[in-house]
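You will see two complexes here that share subunit A, one where it goes with subunit B and one where it goes with subunit C.
Here is the complex of A and B:
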């Protein structure tokens, strides 16, 4: 029953969303009155290259093939999927002829490392503190934390990152202004390198972590306050169950369920916010790669990053959704 | 007016309201600016804040104080266009999906879900890159509006779903009201509070995306907005060169703006219905 009632529709939705997203990525540029081939040629000219007429024709032909712009729209679309399924995202125009896929896989560990650790830490700590603050909601420290969260909550990641940068890297000079590691240092598994990376990633990680914690704290506190009013908590108190047990097993455990769904829903937002944070700190992840791609007009690379992100985020959301029944014993998909 | 006085009693609303008034006044100052915001080199470059240049000047030779007044005005215009247009789409989609149900509902919700799941930001970046040359205040507002309705349409739909089951719906249908009349006369009053609180959230989202796109250099960089001010500061390495005043102004204004908008929206939705607070905050 689980498979037919839940798993299959969910998987169909997953595939459909990816199809739709990638189709949009394919068609949006082609529907606009804008020829990428001619634009690239114009940009080459604008940079001061003098091109002979023969060379221009050759470049146009090459670019048309490279962009996959040969044949009708339908043929292009199928060819696009064919290349995509073989894992071929094309070559970068700017760092010619490095394949886009290699550029992405080089940048990915940096982004994943930054995002996964901060998001999971923020989720865990935010929920824990929020849980207790919600249970003891009339204490003074609970109100204080609430106000702090009210101030932090609306700030976008990158604006907060800028504020931190002004404060820590410029005013008090505790942390480096940019980069992922000291320039010229070879990546290795030594303790010194790990230390160097951690020191460099502290500010971007801290900005994502603090804002994330504020978000989860706030939602968790509200949910716990609601669960707290439920009759089963009242009866547990009356029948003399230990308070620590009530908080952890009765209240927080129940309140965690919407938070798991929330984690899935917010992954896309966290991801986009982190990309800009990376740019602010020149952190060598996907965000900075994207920034360079936009500046240099590296069209293939942008397409590659977009396709990659669509697949990655929808997959992450799918995994969170599929894990959900393991956390909620009431859901059996019967 | 009684409603407004009640709201002002909440310290969050009061703070948010006065902060926003301050920013609006600041934006209004732009009409009396002695400098043209599109011209460079009007004042000496890279001056620290002084009696003559209150917030200093930047490397383009612009006075940061007067430039910021234009920036706030333009950012608010973009946000207002995005917010109002996407509210219209959200209300129509939410109402039609909720009231018609069945296939219409499923198709509309599939689109809104897709918009929610896809990393929208990257799609917007791609689009912005392609129409970069024609991105002015209005087109940017419309572009953001096109992507900003999905979640709120969902909220309105769920509201309509519950209203549809109430008795007055039956009464009104039996007394001969047509669908349009029913939806606008009977349902609209229930939806309005939701529209306003989501409008404020959506404006904050639009301002944030404007800043993002500008930092990526995807807007018309000669138009002063909060985002383009940051773009030029980054572009000239203001942090590395120690020109903190250049970054400080747009950062402080944005923080004030985001916090003010958020506090207003929280306060309004708590006032209207304590339960909506959970839903809204859950929206991320």
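Here is the complex of A and C:
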């Protein structure tokens, strides 16, 4: 029953969402007025290069062929699936002929390192502290934390990030102004490089962590306060169940359900990068790669990054769906 | 007190820049605080340079942004962020344009090209004794190999140009290369003339064994410039170049001596605030900023300077003429009198204030007022400009030229509290020689003559009675983008005149310009000139009727889609004029400029204004306006010719 009514529909949904998502991502950029061939020609022209006007038609034809943009939209679509199923995401148009996969795999470790760590830390700490603050909502420390979170949460991220940058990189100069590592240092697995990356990552990570923690804290606190008012918690207290058991098994466990869904979605979104963080801190990652791909009409790169993102988000949602029965036994008996 | 006030203003500017730029998702800057105002600008911080000695290293930002393909140095295919040091340090072209001195500098070439009488053959003398950065000699065989390789593979940017032009190429000897052309082309050699890009020469010994040259990454880059590749960031944030031990085997070394910086770093900053902070902490010697960024740096730093030491501070000798382009294939902009009416509706003093705070040099013609152009073209045209007359109908005429227009900019700038020299030569250089009168009454007569009318609210109606709506297309980079600045100023002027004008910033502006989907565009009103020398072929040829395409198709010529048989005749005449015959070339160029002024397919406004700041903590003797020994940018090719003249301060 569980397999037929719960598992199989979700697996079908998983495959369908990926198929439809990737199809949409194939067609939507092609409807934009940004044409990658023209963008390349315009870039060559705009930068003062001598493009003999009479040669432009031929250049456009050559680039169209090189970029694999010949043929109808349908032909390109089937060719795209053929390549994708072979694991080939094609080459970037604007960064021709660099393979899209190489661009993504160069940027991904920076994004994963930054966002995976900060997302998990913020989720864990925000929910833990928020859970207790919600259960003990009448305590002074709970009010204090709530006030801090209320100040932090509405603050636009870029203002918070710039404030950190100004304070710690310019006024007291504890951290670097920009970059993911020291100028001239090549990526390696040495401890020196890891230290260097950690030093450079501190401000971007701290900015994401603090605001992320405030968000998880507030949502968890509210959910816990709601659950705390449920009759089953009331009866547990009346029945003399140990308070620590009530907090962990009755309240926080139930309150965690929406938070787990939120975590799944947040983890999936990691693959879209953190554009503003990357811009404020001049940090390498997928965000600026995707942004530049969009403004240059680099279809292949847009598709490459969003394929990763679509698969990641749908997989995260599927995993959350599959984990739900462990947290919520009602689903097992559906 | 004044210093403190400037500091606070600077920090506020910094704050505004960072926030505004972040919202725009590309350019930004950085905020304010009283503590920051008191931050020790004189403190020498850690350079964050790893093993490189800071006082032997010059750090500049990459103008074109983060390098998207950091491992790929194959400049001959697509776009490769050549200002990461390839064109400006490691490569030597045959010739380079230096727009500050107005000279053409022979790099790998030893002199001018020598054409035959009908321009179907030429020989080029090459500099002897040059070696590639890997020690191999540079010879005519490299040039022959390059041209033959480019002709053999369609993926190269220059493939079609060489296929269409070259019948054969051969090495006469190691120091002479000869071309036989398929068609007469008196400007064939300019494909090798570096003006922010050119056809570069490949080292034959490295490329001849490559099976797929289009996809060859050419990593590490090997060139004939005075620097060689040291290292680069796989994420595209920086590239480091090191001075060659045999720098004297490069044309730069032979012409100008030993470059001073041992290392040069080109670094990407994702927002303007980071650039500014880097300069304030002496971690970036040269940064390209916005106008507000320039003010912020100058207000905050004791060690930074701008191109000009006094107002207007900016680089005003960049060889690009900014302005507005009409889509002459779309009504009513297909009517020259409508175009002139829109020009006369502009109060240039107000316009310049809005666009660039009065910092640009005006030009009444379609080339900028810089280098040799005022002397060779604009000044000789003045009497013609003063006599140039518009027919307003009913026997009424109007002479639109105003030689005193720059004075109105001077007054504007003085009104803003800036000190301007009374020296006419200084004013001419900073603000130009003349422009056009502000004459909305005349503009009205021209429009009425062509069937336009006003509605009850004073707004203009088209000849068919419908409201006149006009949009001005530009890119989205308002901070440093002159198309957006020109559009913003023009829209204000035309609204005031009664036209329903709006600015239309779009990320797709390049494409929309090319297919002609616009009314007016902030695109350059004419193709940029070389920036030096007497030849305007590059400007005029883009108005050739053979390149004009119907709306909807990508045009090969200028986006205005304007052409006339008269201009075609001038272009043909120029093609048959020896480009080394200066006076003849200038005379034909002036003929072309007169046609462009008469028809006004685009409105030339001010010459491109660049905003750069130089930190003088580690390096001095920058080529500022008081000593313009070469062009001032680190992203242009002749930056390598600047390096021997820079002086280290010896700061720790």
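By our rule, the second predicted complex is superposed on the first by the 281 of 334 C-alpha atoms of A that agree within 3 Å, B and C clash if a C-alpha of one lies under 4 Å from a C-alpha of the other, contacts with A are read in each partner's own complex, and residues count from 1 in each chain.
Basically, a residue touches a chain if its C-beta (ideal position, glycine included) is under 8 Å from a C-beta of that chain, and two chains touch if they have at least 3 such contacts.
Keep in mind that what you see is a predicted model, and the values were worked out from it rather than measured.
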item: Comparing the two partners subunit B and subunit C, which touches a greater set of residues in subunit A; value: C
item: Which superposed partner A:266 touches (first subunit B, second subunit C, both, neither); value: first
item: First (subunit B), second (subunit C), both or neither touched by A:87; value: neither
item: Touched partner set for A:38, first subunit B, second subunit C, both or neither; value: second
item: Touched partner set for A:166, first subunit B, second subunit C, both or neither; value: both
item: First (subunit B), second (subunit C), both or neither touched by A:229; value: neither
item: Which of subunit B and subunit C A:74 touches, first, second, both or neither; value: neither
item: Contacts of A:240 with subunit B and subunit C, given as first, second, both or neither; value: neither
item: Touching partner for A:278 - first (subunit B), second (subunit C), both, neither; value: second
item: Common ground on subunit A, meaning residues reached by subunit C in one complex and by subunit B in the other; value: 32, 34, 158-159, 162-163, 165-166, 169-171, 177, 275-276, 279-280, 291, 294-295
item: Residues of subunit A defined as touching subunit B within the complex; value: 13, 16-17, 20-21, 24-25, 28-29, 32, 34, 150-151, 153-156, 158-159, 162-163, 165-166, 169-171, 177, 215, 218-219, 222-223, 226, 258, 262, 265-266, 268-269, 271-272, 275-276, 279-280, 290-291, 294-295, 302-303, 305-306, 309-310, 313-314, 317
item: Touching residues on subunit B, where the partner in the complex is subunit A; value: 12, 110, 113-114, 116-123, 125-127, 129-131, 204, 208, 211-212, 215-218, 230, 234, 239-240, 242, 244, 247-248, 251, 254-255, 258-259, 261-263, 266, 277-278, 281-282, 284
item: Residue ranges of subunit C in contact with subunit A within the complex; value: 15, 18-19, 22-23, 25-26, 28, 30-31, 33, 35-36, 39, 45, 48-52, 59, 64-66, 68-69, 71-72, 77-79, 154-155, 157-161, 164, 190-191, 193, 195-198, 214-215, 231, 233-238, 240, 265, 267-271, 273-274, 277-278, 280-281, 283, 320, 506-508, 510-514, 517, 528, 538, 541-542, 544, 546-547, 554, 556-557
item: Subunit C partner contacts - residues on subunit A that touch it in the complex; value: 32-35, 38-44, 46-60, 62-63, 65-66, 92, 94-98, 103, 106-107, 110, 158-159, 162-163, 165-167, 169-171, 173, 176-180, 182-187, 275-276, 278-284, 288, 291-292, 294-295, 297
